[in-house]
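The following pair of complexes shares a single chain, chain A, combined with chain B in the former and chain C in the latter.
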Partner chain A sequence: MENRPLEYDYTIAKMFMLTTIVLGIVGMLIGVILAFQLAFPGLNLILGDNLAEYTNFSRLRPLHTDAVIFGFTLSGVFATWYYVGQRVLKVSMAESKLLMTIGKLHFWLYLAVVAAAVFSLFAGVTTSKEYAEFEWPIDIGVVVVWVLFGMSMFGLIGIRREKSLYISVWYYIATFLGIAMLYLFNNMEIPTMFATSPAGETGIGAWYHSVSMYAGTNDALVQWWYGHNAVAFGFTVPIVAMIYYFLPKESGQAIYSYKLSLLSFWGLMFVYLWAGGHHLLYSTVPDWMQTMGSIFSIILILPSWGSAINMLLTMKGEWQQVAASPLIKFMILASTFYMFSTLEGPIQAIKSVNAIAHFTDWIVGHVHDGVLGWVGFMIMAALYHMAPRVFKREIYSKAIMTAQFWIQTLGVVLYFTSMWIAGITQGMMWRAHDEFGNLAYSFIDTVTVLHPYYAIRGVGGLLYLVGFLMFAYNIYKTMSSRPVEERELQSASPMGA
Partner chain B sequence: MNIAEIQAYGYFILTFLLVLVLYGYIYHLYTKKRDADGVDYESYSNMALKDDIDDAPVSALSEEKEK
Partner chain C sequence: MFHWLEKHPFFFAVGVFIAIAFAGLIEILPNFAQASRPVIGTAPYSTLELAGRHVYIKNSCNACHSQLVRPFKSETDRYGHYSLSGEYAYDRPFLWGSKRTGPDLMRVGNYRTTDWHENHMKDPHSVVPGSIMPAYKWLFTNKADIDTVYAEQLTVAQHFSVPYNQDVPMRDGSVKNVKMAQSLSEAHEIALEEAKAVAVDMKDQDVKDAVSRGEIPEIVALIAYMNSLK
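And then the complex of A and B:
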């Protein structure tokens, strides 16, 4: 070994930064196409009748959701883990050949699974369970990737120098355990080739097809326990992990109250798992379960706001940094959108509100102010903070970053406001009836009324995508901009013109 | 005692215990610092702020590993 001072090794983090950006572009581009298809249905046939199978809304929709959840967001989670993990545990990946090998295997297998998922979804192979569309061979691949992630994480924790685990590490561990449990239980399925029909036929269907092990209401319950907690452990917990590291680090401020961060952590862990029932209000699920889902959703405001307020108060006395740094702006807006969507969600989970909101575009609006404003902004901010440190270069352009911030903020606002109006209009029209109980409107009446809002939503999504492309360009140029001394990088990230 | 009554008592006791656990944890967070070997949780923020590879750990895992 040559005699060099020990450094953090960001090889794996850089690999996952790349997939975060590439899969982000793919997922968001498909999302924008879908938004415009809803406003202008002719776009379903954009590549002609022969290719309609591959361009219609129903084929593309799972590709959008899975690309942004399992592609963009998970890559972001992995990229930040391989960066934050080393730093707060004060141990370098370079110190263990084994961990480095596991990390590389983790990345390449992840890439193979992503490729298989994209291919199979485009081909129309799906279990038809929302956010759990992958068929069993891919599920097995996902499990292997996840186990490698766990080995990587606990391996690094095992050789750490810092005795206590920083709050972000607790959140990363929760992400690992939560998704492991949810994914396994919701994807319990039996390949159809093992089934026997009442007539005695065996080997039914293609080898890759399967049916869920649960049926009817049970399937719905497990599915939404999974679906809602995928939001919890994919879109909330690891993103909170990021903000607890990146905001204090970038601003140079200690967390306002570390004790509050611990209390919020255990609160979130206890409450979140019970809230999934709110997806099944007014369904065949037992009434007490629906009520429990509602109540736990409302209690969820407390631990969510505990973290969000903690982050805003971390900036106490330092608000000039928000004005001066676009990177801090991204994180403060992310935290604000986190507060906003964790208030909106519980409101929608109240039974009487849900009677109007259920199945409408308001739900879509809620999801997107969460993922665009909170998840997307925080992951981009994390990558912006990491870029100067992993590439040892200043961020290419502060001006592009500022412009991107305002373009995307406008995009998010257009998105959720149009969906609020559309959703509540839709809910009210569906329920409206005359004095004899006849419905006042047919479905197509609502479609006609909603058209302008769908167009506005498409524009909002397009602005967000444009901003994301600016982000990708800025990171790409950062890799070749002016080098900086690593010693300077204690807190605020250096930025070029 | 019928099932509804048992449920009601169970509900009350569970809620009471959970409230106890919650406030017990908050009490623990605020008082641990005063113990002889207690820690000040607020100092843990430094794990992020001083995270260079040659910064001293906030509390090192073992003396011999400490730089």
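And then the complex of A and C:
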């Protein structure tokens, strides 16, 4: 056997890196617009009265959430899989023509589904279920894309040289299975075009319309079992997969504890799915389910912190790297935000806290310290680590990386602190009674009081977007203006140049 | 065991699947049938109300408005009786929402009128100074899609036994019979009759003219839906 390193094929990883960046910009830009619309409602008309239907808050909101979840994050997950997968399994995509074809098909169909989704959401074609807004034709597209992802993943695993699956691969497998199960069951719907009227008419109405198989409380239960765990298997599990690969690689440190990773993985798998009920506290679902959701949310701290602590301890004795390398900064901040967010979540899941927090901006703040601080930072770090290796060029500018890091960190801090204050203020005002036992505030009082916090949040979001544009520019310049190295960079690091 | 699993991807995947599927089975299944029974006083949506519900969904009203009154004094003071599971028996999908940027709408029909909604959707500031809700002027010109509504009514009546054209008990002891059409043209007639009843209380002349021509602007359907939320 030849004794030279494998040449990995990054064709598909590169394509998904591109969509990660483009859809990231789209999703975050819409987010910033939404944030400022809440502070300054006149912005609902940014493109004038005639296009108000397509630029107003409610029409754009699902576009923001879906662009960030299914656009930015999923692209990042796919991009890193097509990079990490080959490396930890010690096999190149190029070794199988079939796998390459499946991979490319995966990318192009993904792109087609994204385009269809954007178009339909702008048109107001939605099922209304959060993060499951797509109507049945797009759902079928999503399923096909997901099956292709699975085929390419298990195909690569099937032809692997390294027999033992590395920790990251566990998490990628779990991502695939979890999303598949959740998405299928939550989107069970009957297309209405198959209905026949007593008069014998068929194919009535919009062909893409459907009606949910579940009604009312059941629909809510299934939706939040999905909604919560789409976060689990989209925003947590695959991001943990990334950090388990990229942090040891970038820092040159071995994972601190195999046993801890084992405990965290299986703990997370078992516990996470129970916690969805915390979205339904004090609703009409049975009390025991609410309590289960609450309790398991608190237990969830254990596996979550298990992973995060494992990451932080991986840096044991090497903390000077955090000061020296902007890339390590990104990853350490990401795992810190992961700890923070997975502590905040369980606190909000305690019933008495939830009574105040639910329906307020505190929840929005929680989502964003997780997604901006943990998911966003980790995906950017992953792409920064991959770029020199897939493009065979050193990173264009370390100074931009460092500046970007601080700008975005400031943005996240502004975002969640303002949302904490806004959420708790509003929650307390809703429940306040005067000395006669009447409500102390009308609803609009609890809205106008939020204006300064909405403005601060908008600025926080804008800073994060600016940082992301710097990231995009940095990657673009890396691709275009750096000299090509002769061989793939084996130990490239932005600080190594 | 774990070392062995890590070398056998198939069994590893099976293990993961069992671990993640377990919770759903225990938490979701046991109560499924129980939770889907209507309470007395809950009737299916009429043709125009359902059309209004579609307008509500199309514009993602649920992004800012909840339809779930929690059992706290502050909420029952503000919005009325706390929500009961059976009240949602005909809600496909549920529209509880997850964020109250604006107030809850579960029982908005008890305390807002057609007239109020018309003013509010055209210019929220005219009735709620300081409101951050945008105007929804296009609802006054876009036409409601009655065809799709009728297809949905047929679907739910056939697959989920939603009791259209049947007597359902009301809280005051009376019965209500929500009519579903036998044909598409009849569905349009039924919706138009309902629309006329709403348009009578509206001021916008273009909307009134449209209804008298036999068209149904989205705003009329939306108001019919709002008024039905009690």
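Everything that follows uses one rule, which is that the second predicted complex is superposed on the first by the 463 of 497 C-alpha atoms of A that agree within 3 Å, B and C clash if a C-alpha of one lies under 4 Å from a C-alpha of the other, contacts with A are read in each partner's own complex, and residues count from 1 in each chain.
Note that in this section a residue touches a chain if its C-beta (ideal position, glycine included) is under 8 Å from a C-beta of that chain, and two chains touch if they have at least 3 such contacts.
In this text the structure is predicted, and so the values were computed from the model without any measurement.
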One more residue to check, A:Lys90. First (chain B), second (chain C), both or neither? first
Once the shared chain is lined up, is A:Gly205 touching chain B (first), chain C (second), both, or neither of them? second
Identify the partner contact of A:Thr291: answer first if only chain B is touched, second if only chain C is, both if each is, neither if none is. neither
Tell me which partner A:Thr192 touches in the superposition: chain B (first), chain C (second), both or neither. second
With the two complexes superposed on chain A, say which partner A:Trp266 touches: chain B (first), chain C (second), both, or neither. both
With the two complexes superposed on chain A, say which partner A:Ser164 touches: chain B (first), chain C (second), both, or neither. both
Touching partner for A:Leu177 - first (chain B), second (chain C), both, neither: second
Partner touching more residues of chain A, whether chain B or chain C: C
Using the touch definition from the top, say if A:Asn56 reaches chain B (first), chain C (second), both or neither. second
Now for A:Leu221: first (chain B), second (chain C), both, or neither, which partner does it touch? second
Just to be sure I follow: which residues of chain A are touched by chain B in one complex and then by chain C in the other one? 163-164, 262, 266
Tell me, which parts of chain A touch chain B in their complex? 5-8, 87-88, 90, 92, 160-164, 166-168, 244-245, 248-249, 252, 254-255, 257-259, 262-263, 266-267, 491
Contact set on chain A toward chain C in their complex: 37-38, 41, 44-45, 49, 52-53, 56-59, 61-62, 124-130, 154, 157-158, 163-165, 170, 173-174, 177-178, 181, 185, 190, 192-199, 201, 204-206, 209, 211-212, 214-223, 225, 229, 262, 266, 269-270, 272-274, 276-277, 279, 282-286, 289, 292-293, 296, 355, 358-361, 363-364, 430-433, 438-439, 443-444, 447-448
Interfacial residue positions of chain C with respect to chain A in the complex: 2-3, 6-7, 9, 12-13, 16-17, 19-24, 27-28, 31-32, 35-36, 57-64, 66, 68, 70-75, 77-78, 83-103, 128-138, 142, 145, 147-152, 154-156, 158-160, 181-184
Note which residues of chain B are touching chain A in the complex, please. 22, 25-26, 29-30, 39, 41-49, 51, 53-55, 57-61, 65-66
